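Take a look at the following structure, please.
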Amino acid sequence: MKMKTTHRLALLALVLGGTSLAQAQSGERIAVFTKNQTNPFFQAVRLGADSAAKQLNVKVTHYVPTKPDSIPEQMSQIEDVIVKKPDAIVFTPVDYKAMGPAVGKINAAKIPVVNVTDRSEVGTFVAFVGASDYQLGLETTKYLIKAMGGTGNIVVLEGVKGSLTSIDRVRGFNDAVKTAPGVKVVASQPGNYQRLQALQVMENLMQSHPKIDGVFAANDAMASGAIEALDGAGRKALVVGINGTKEAVDAIKAGKMLASGDYNGFLQGCVSTMTAVRELRKLPVEKNVVFPATVIAKDNLAQYESPVESRSCPTWEEAIAKK
Amino acid sequence: MHEMTVRAEPVAGVGKLIARLKHAGSASGALMMLIVLCAVFAFSTENFLDGANLVNVAVQSTILLLLALPMTLIIMTEGLDLSMGAVLTLANVVLATVAVNTGGVSLALLAALGVGLAFGLVNGTLVSRLGIPPFVATLGTLGAAQGLALVVTDGQSVVGIPASVQMFYSGAFLGVPAPIWIAGIAYAAFHGVLYHTRFGANVFALGGNREALTLAGVRTRLYLVAVYVIGGLMAGLAALLLTARISSGHPTAALGMEFDAIAAVAVGGTSFEKGKGWLLGTLIGVLAVGVLRNGLNLMGVTSAVQVSAIGLLVILALMIDAFRGKQS
Amino acid sequence: MKTPTLSSPAGASAQNASGLQGLWQALPDPVRSVAFRLLALGLLCLALSLASDAFLTTTNIVNVLRQAALLFLLASGVTLVILTAGLDLSVGANVAMSACLAATLMKATGSITLAVFAGLGCGLLIGIANGLLITLLRLPPFIATYGMLWILHGVTYWFMKGETIHGFPPAFRAIGSGHWLGIPIPVYLMVAFLFIGVLFAQRTRWGQEIYAVGANPEAARLSGVPVKSRLVLVYAVSGAMAGLASLIFLARLNSAEGDIGEALTLPAIAAVLIGGTSLFGGVGSVFGTLVGALILTLVLNGMNLLAISSNWQPVVTGVIVVLAVFLDNLTRKGDRK
């Protein structure tokens, strides 16, 4: 997304002016909330936060519900954490509609909070850092349609019903399909972002639909499940996913998967934590950081091949330039 | 002769005291764990003993307590209710939907209680009239409730909960938060019924002595239905607190909570087999779990370790009971 | 008494009909129970093949068998546990931990043998731990295995660190996704363990002792059955089967994450219950569990083929479990609690 020149100049000035202040404070305590311990995406977010913490000399503590995606538990964790009065909070809501009272308590306690990944519908935040799931769905689908030559049957594997990421990605998918009259969506089923479920759903779908040319999976885990199902039945189809995990990158390299939308958890973790720290250090922040949708495919693989653990956060300027 | 009579009285008094201690000792596993946890957290974190934090723990434990109280009764009748979490979730979704549409609390609460009542009746009938083991019967209703919650919402949250509902979690009366009032009254009610009414005495006897009860002319079938109905109604009531707490209705909000309730009841000392029950023990069990979670959060302990700690708590508490010779 | 739904030749005489009815009533409970379930299975297949063209195709049947195989392998161990009036809630978490351990070792050393032994061994050890908690520490099975479930999840999350391990050697993957003569390998394993399970339960002394412990632990003890050892045995077997299932899972999915197997515990128990094994112990069979697993898998398969919203799946599963037990109660001859 091109930035207006005035914006660029202002940012430059602020950055130059602000860098000198950056070293003055340190040791702030940031509490980072993510949805669960099992989705590698959130591990990437946590690693990004840790990397940013190291660079900026702050202390990050992670809070993850013991029951994955548990709304009441995240609420309890927030209440407990508020008692400790962290300096700032980085927050992924377990449910983008339901965490209202929780964020309300954070706001009431006057703790600055940055919203990351899932845009929460309620609450006051310093900033939102995330990707546009809609754009990801749109761009990845466009890539798929192009590779399919504009015609054929597509099957959709949705994510968790009611989750914002799934809703937006499928919306993007639908809009992309509207522009390609030769493409037909023969089925759309939820796979809950789970590999096994996607595999079994795919197996069943292959029964009812003898001709499937493309598969749009709302995340890489489901894409992998679909690929396993196709392999098992000896059938071929072009499969795309979203997340850009190492597994997807490997699959793309091996030719098993067509492409994956880059949903960069690590970068989101970096920037959201950096935003929180900058807010505390009275440095300027970007209120709305939405990373553009890049589609990872055979031609641009190289930059995505390094494992998340060995990456480190870009500087603030580099990161903002990416949006 | 004279001496013996004089000695008889204090012996009787001491006997009563010993009986009381034994009773307390029978749930010592949970009590010990609770005390140890409080001590550990008081020392290792600076905020555990803050008034605000302790109130938090109490408030956070109320929903679970509302489920654990009837679960105690059900387990005392050698039964189980696996559907409570799902029924609570369905009631939550129904309450939220009605509240959003009517803008008020009363109809919504009635609807939620209705859901609980319906499932309680189904559970009770399956168990008492059709002779289906409680595990199986409630496993079935669990599925039904879980599916219905998904069907009614299609996976989406219901939001726009009116303030009149939210106040049941965030409001306070005489400085005490509303949920604590509700939980407290519920506890008192259960205590009164269980320990001071014929109904309660019969519930005790339902576990482990059912034939004698039937022979004595008590309509045991009706009692069985009653305990499951009470469970369902309490799930409906808990839905009010849950909806207020998360300010929404969500189709997966409380799934699995029945296992927490069962664990709390077992940790508290109620036995699965002999129909021995201790209501206070249930409260202690619920608090022990709440304190553990809260303390670990305050300590910033990694979530993976928290997960294991919960399992360890449950096993340790029961181990302590076993070692103290509670299980004969 | 319900008249049997077995087909009789057209125009059968009254004598014939009562002969069949007498035959039905003369059969012992376990046989009736299984026969009735096989009938239900047959009717289900019939209904599905009428309702959907896609059902009776080779690929679909193969899929169903493969899905059922995984469920059966897990549920067969649980059958033994429930036969002793116990419960194993930790099987799903066992699968997760064993799979993740095997995956980690395979990635680190590249050795399939090591990974296989690790997965099986891990499952077995967890099972033994459950058994010891229940026999030595006298914890109720529900609580012991529930506590174990949490501990296992915690350990698994801890060493997986929220990441996925993927990409295993083809030789290993064959266990889960390979075929031989057109039939998936897991199906062969299913048949093999069906034989082993049935032989063990019905024909060995250990098997008979397990039934005895479930029916009446006190009487069993008095007749010299080492009750505690048998209890540890059933939980150990349940754990080992979970270890086996975890390897097949791993091979099929070609990856391991902290939460695989989460959703398997209740369906495994459901399959055992639908198959006719009673929670009170002493009644049931491994074969019944196979039929139960097939019924459950077929119903879900059918719902998928008929594009019935997945929201209804838990409802249908729940209803089937209750129905199966209810009908069992109706048709059992003896007094049931």
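As written, the chain order gives the labels A, B and C, with residue 1 at the start of each chain.
Methods note: a residue touches a chain if its C-beta (ideal position, glycine included) is under 8 Å from a C-beta of that chain, and two chains touch if they have at least 3 such contacts.
The model shown is predicted, which means the values in this text are computed figures rather than measured ones.
Undergrad: Please state whether A-B or B-C has more C-beta contact pairs across its interface.
TA: By number of C-beta pairs in contact, B-C is the larger.
Undergrad: Work out the mean Cα position per chain and let me know which chain is farthest from subunit C.
TA: The most remote chain is A.
Undergrad: Find the geometric centre of each of subunit A and subunit B from their Cα atoms only, then give the gap between the two centres in Å, rounded to an integer.
TA: Going by mean C-alpha positions, subunit A sits 38 Å from subunit B.
Undergrad: Based only on mean CA positions, could you tell me how far subunit B sits from subunit C in angstrom?
TA: 31
Undergrad: Where in subunit A do residues touch at least two different other chains?
TA: 37, 190
Undergrad: Going by the touch rule set out above, which residues of subunit B reach two or more other chains?
TA: 150, 154-155, 302-304, 306-307, 310 - these are the residues of subunit B that touch more than one other chain.
Undergrad: Can you pull out the residues of subunit C that are in contact with at least two other chains?
TA: 157
Undergrad: Can you name the residues of subunit B that touch subunit C in the complex?
TA: 80, 126, 130-133, 135-137, 139-144, 146-148, 150-151, 154-155, 259, 262-263, 266, 271-273, 302-315, 318-319, 322, 327
Undergrad: What residues on subunit A touch subunit C, complex-wise?
TA: Residues of subunit A touching subunit C: 36-40, 42-43, 46, 68, 187, 189-190, 195-196, 199-201, 203-208, 221, 224-225, 228, 231-233, 245-247, 250.
Undergrad: Under the stated contact criterion, what part of subunit C meets subunit B in this complex?
TA: 87, 133, 137-140, 142-144, 146-155, 157-158, 266, 269-270, 273, 278-280, 309, 311-319, 321-322, 325-326, 329, 336-337
Undergrad: Which bits of subunit C are touching subunit A when the two form their complex?
TA: Those in contact with subunit A are residues 52, 54-55, 57, 59-60, 63, 67, 157, 161-164, 166-167, 177, 249, 252-255, 257-260, 263, 301, 304-305, 307, 310.
Undergrad: So in the complex, the part of subunit B that touches subunit A is made up of which residues?
TA: Touch residues, subunit B against subunit A: 47, 50, 52-53, 56, 60, 63, 150, 153-157, 159, 166, 169-170, 242, 245-248, 250-254, 256, 293-294, 297-298, 300, 302-304, 306-307, 310.
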